[in-house]
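The structures come next, written out as structure tokens.
Okay, so chain A shows up in both of these, paired with chain B first and chain C after.
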Partner chain A sequence: MKIFKFFITKIFLRKAILSISIILLLFMANYTTFIATRSILSTFQGYQEIKCMNQEGIYIANLDPDSDVDIDAIGENGTQIVYDYLNNNFNYAFYTDGFMVSLPNIDDMEISLCYMNEEYYELNQFELSQGTDLDFDYQFDKDKEIPILIGKGLSKTYPVGSTIKIEDPVLEQPITLIVQGVLKQNAYHSNFYALNSKNYYNFSIFLPVNAEFIKNANIDLQLNGLMDIVILQTTKEKTVDLSEVMQDNLGLKFNFFSQEENFDYFKEYYLYSLKIMSITTLILLVIITCLSIWNALVSIRLMLRDFTINLLVGLSYSKLRKIFYSYFGILFFINLIVIFSITAYNRYECWLRKDATFATYGFFGLIGMDWFALLVVFLSDIIIGKIIVENMLRKIKKIPISLGVLQ
Partner chain B sequence: MGRSLFRFVDALELCTAYIFCFFLNLLFDYVKTLDLGPYILKDFFKNFTDYQTLIIFLFTFIVIVFHYQMLHRKKTEVYCRILVGDTILNITIRYSLDCLMILGFVYLLSILINVYLNFNLTSNLYLVFIFITYILISARQVRKYENF
Partner chain C sequence: MTNIIDLNIKEKVYKNKKTQLSILNNFNLKVNAGEKIAIVGESGVGKSSLLNIIGLLDIDYNGEYTLLGSRTDNLHANELAQWRNQKIGFVLQESALINSLTIEDNIKLPLLYAGSGKFFFKEEDFENLINAIAIKPILKKKPLECSGGERARAVFARGVIMKPQIILSDEPTASLDVENRERIVNLLFKMNKEFNTTIITVTHDLEMANRHDRVIHLERSR
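Showing the complex of A and B:
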């Protein structure tokens, strides 16, 4: 410990520029690894989530990019005809979110309402931390309570069994909700078309909808619900007929994609992106490692006399190796702390901004994928550290001690 | 380079460090112009392009390291030159001019590439100012080696 302290204070820190420079290079290597790992993991989580949609007979609606959307031209009558057609001919999973309401809660967050039908709920298998599953067979009546699930952030203010009165933005009338269960913390929903992007349900309310509810809702809910509607146990021919009905009544062209098409899309779109990301990260890591080796060799060049004098007076190469590993261990630790702090601050910023869709719970605000990415950074640090230290030692061993002392 | 502190390897090393920083800046500008298509890729590269100036500034530290180690290695040479009649002022001026010449060469090269790729010519001008500052600071360090 004494010799290590001596090396740090009298040799490494005496040429602080070199230490700062190597810390910055290693920080960039760590930052790149962290960002890439988190993006890849988030995409993978998103893919796992939508995998339940990639089943035989399931078709997902997608608004044709060339279709002109004129919301004003669409009447409630048109959407109702489409829903009637859907109810008579198909089983479908309905989901829409993003309807915000103000509801008193201890964190003072805006609350997002998520409307889903039974098929969507069963398809996604949401995990609960308290209470029981949603009940979709309720009678729609403004005097009756609608059973709901809430996110963890609301569970303190509204425990299971409590009632909530809100002015529903889609029914445009006051309704009473009864809390039936609480979702597991950090339950999320990935965007179908950007799997790495997630909305967290910590401050959301899951409202069960049935045909009657949709019928009484305004056009915003009806139209939004159609945008990502998932048709179950059907055939391509039937979805073509549905697409025609939608075109005739809404003036919007919808495409329906099957399991194979979605999988091909994944392969083309996501695997390509993940490959590009991995290759870019690898190239950056190689460049930064090379620069770090150069920096380390420069340090050796400038500190050679100090090293060789210590070797002359009895320091062994194995002890020197240990000192180098400990020194780089400290540098990596500093970097890990910095990345950890940046991530924790970013997560905390969502709370400061009162951004309900991104607010997450976790140890120091970090969630599972952040910890996993930090673990990958740690492993990459071990590899980079080994490469740098072994190169430094090789360089020192190449120079005779007598020559080094004379420098 | 007869009377210069620079040897060919030193000039090559500094040139490489400058080229690396300018190339990185160019790469960022190029990525910004690309239609990356998938959202996931845009999101990934945004993590870097949003901090372009900061990241490149951090990488310019390799130029500081170069100046630092170069002058450290040359302190005996500086002292010996003074012993044989050279002056610290002349050594400093020659050192600064050599650095500026290498910087000018790399900057011209980057301008040519910017013209070829139709990029904004001033996008890497800030790097020139950063490097000139480094040269001026390191030139002051030469004076430190007047007495061995």
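Showing the complex of A and C:
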């Protein structure tokens, strides 16, 4: 320990610029690895989620980017015609979210209402931590209670069986909800066409909707629901007809993408960008590692006299190896702590901002994918550390340690 | 008297991509305990290389070396380091100090590597040593704040603090004035007399060399 302390304070940290630059380089290597791993993992999770939707015979709606959008010109009559057409000709999965309501809860979060029909619910196979699955066969009646699922963050305030009265933003009237179950913590939803971004359901309410509910809802729900509507067990020709009905009644051009088209899209955008990200990260890592080695070797050259004197009086290469590993081990450990702190603070900040869609539960504030990314950083540190230390020692051994160095 | 050094070098070769230099060809050296030996010779003849080999810094040569009754090629790298720490002392030129450390830390550097148990060091011994070489006032100073003579004495103190059986001394007085040179030489010889320490000195100074028991002239290989 004494020798290690001596090397840290008197040898390694003596050349401030070199020490700081090596610390920064290693931090860059670690942070790049962390961000890339988390991004890849998040995209993979999004891809797994979309895989449930992206099956043969399923077509996912997407507003054509070139379509003229005049929302004000769309009337309830138009949307109702489209829903009637949908109900008569298709099986479809309906989902829309982002309708915020104020509801008392212990964390004082704004609550997001997510509306979905049975087909969407079945496709996604949501996992529950308490209670039972959603019931879609309820009779829509203003005086009756609507069964709902809630996120974990609401489960203390609203346990299973409790009722919630809200002014529903899409029905524009008070309704009573009854909690039927609680979603597993950190349940999430990835954007169909932005797979690495996700919203968390910890402070959401899942409202089951059926044709009658949609019929009674305002145009916001009806129109938002059409934006990502998923048509099941159908054909390309039928979706072309549907697209025409939508164009005629809403003035919006929708594209319906088949499984193959979606896979092509994912390949083109995500697989390609994931490959680019992985390769870029790897190249960056190699460059940063090489720079770190070069930097470390420059330090060695500058401190050669000091090393020689230490070798003269009893330092051995094996002891030196242990010192190097301990030194880089400490640097990497500090980096991991810093990355952990930044990530934990970012997660905590969502709670401070009362940002319900990003508030997550985790071990010491970090969720599973953060820990996994930290593990990858830890493993990459072992590799980087071994490369740097062994290269440094190889170079040191090549330098003849002799009395001549001191003359 | 017993041989504490029995060295037979067939050759020591320095190589680079283009050239190859062979020195110390068929060089034999036997040294008795307590003997004072001076090694002289022109520059490049291999004096420092010889000291590197004797001091276990260089094990890459063709030959056999028995030190204190043990074949050095049987020693592990850690043992070589331990021997350099406890059995061999290096007394070098006054510049061979770590400038970021105080004189006291420089002198006590070998104690860092001595470990616990095997070597027992008394603070009293340190006091005696610094009093003997009169460097108490500079202990808290950095080397660059001291004179050449003071630094030379600090280097000497570091070389002898572990009470080694052999002291290897490489031009210890090269940059010193007469007074300081005498001081260092007397200190070395005092160690030899009091503790029967073997002294091997590399020097260009023939007057100093002649004060040793034996003078070895190294010549360039033909």
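Just so it is clear, the second predicted complex is superposed on the first by the 401 of 407 C-alpha atoms of A that agree within 3 Å, B and C clash if a C-alpha of one lies under 4 Å from a C-alpha of the other, contacts with A are read in each partner's own complex, and residues count from 1 in each chain.
Criterion: a residue touches a chain if its C-beta (ideal position, glycine included) is under 8 Å from a C-beta of that chain, and two chains touch if they have at least 3 such contacts.
Bear in mind that the values here come from a model prediction, so they are computed numbers and not experimental data.
Of the two partner chains, chain B is the only one touched by A:Ile20; chain C is not. In the superposed model, A:Ser380 lies in contact with neither chain B nor chain C.
By the touch criterion stated above, A:Phe6 is placed in contact with chain C alone, chain B being left untouched.
On chain A, the positions that touch chain C within their shared complex are 2-3, 6, 10-11, 14, 305-306, 309-319, 400-404, 406-407. Touching chain A in their complex are the following residues of chain B: 20, 38-41, 43-44, 47-48, 55, 58-59, 61-62, 64-65, 68-69, 72-73. Chain C meets chain A in the complex at residues 48-49, 51-52, 55, 57-58, 77-78, 80-82, 84-86, 90, 92-93, 95-98, 100-101, 105, 109-110, 112-114, 158, 170-171.
The touching residues of chain A, when paired with chain B in their complex, are 15, 17-18, 20-21, 24-25, 27-28, 35-36, 39, 43, 193-197, 269-270, 272-274, 276-277, 280, 291, 294-295, 298, 301-302.
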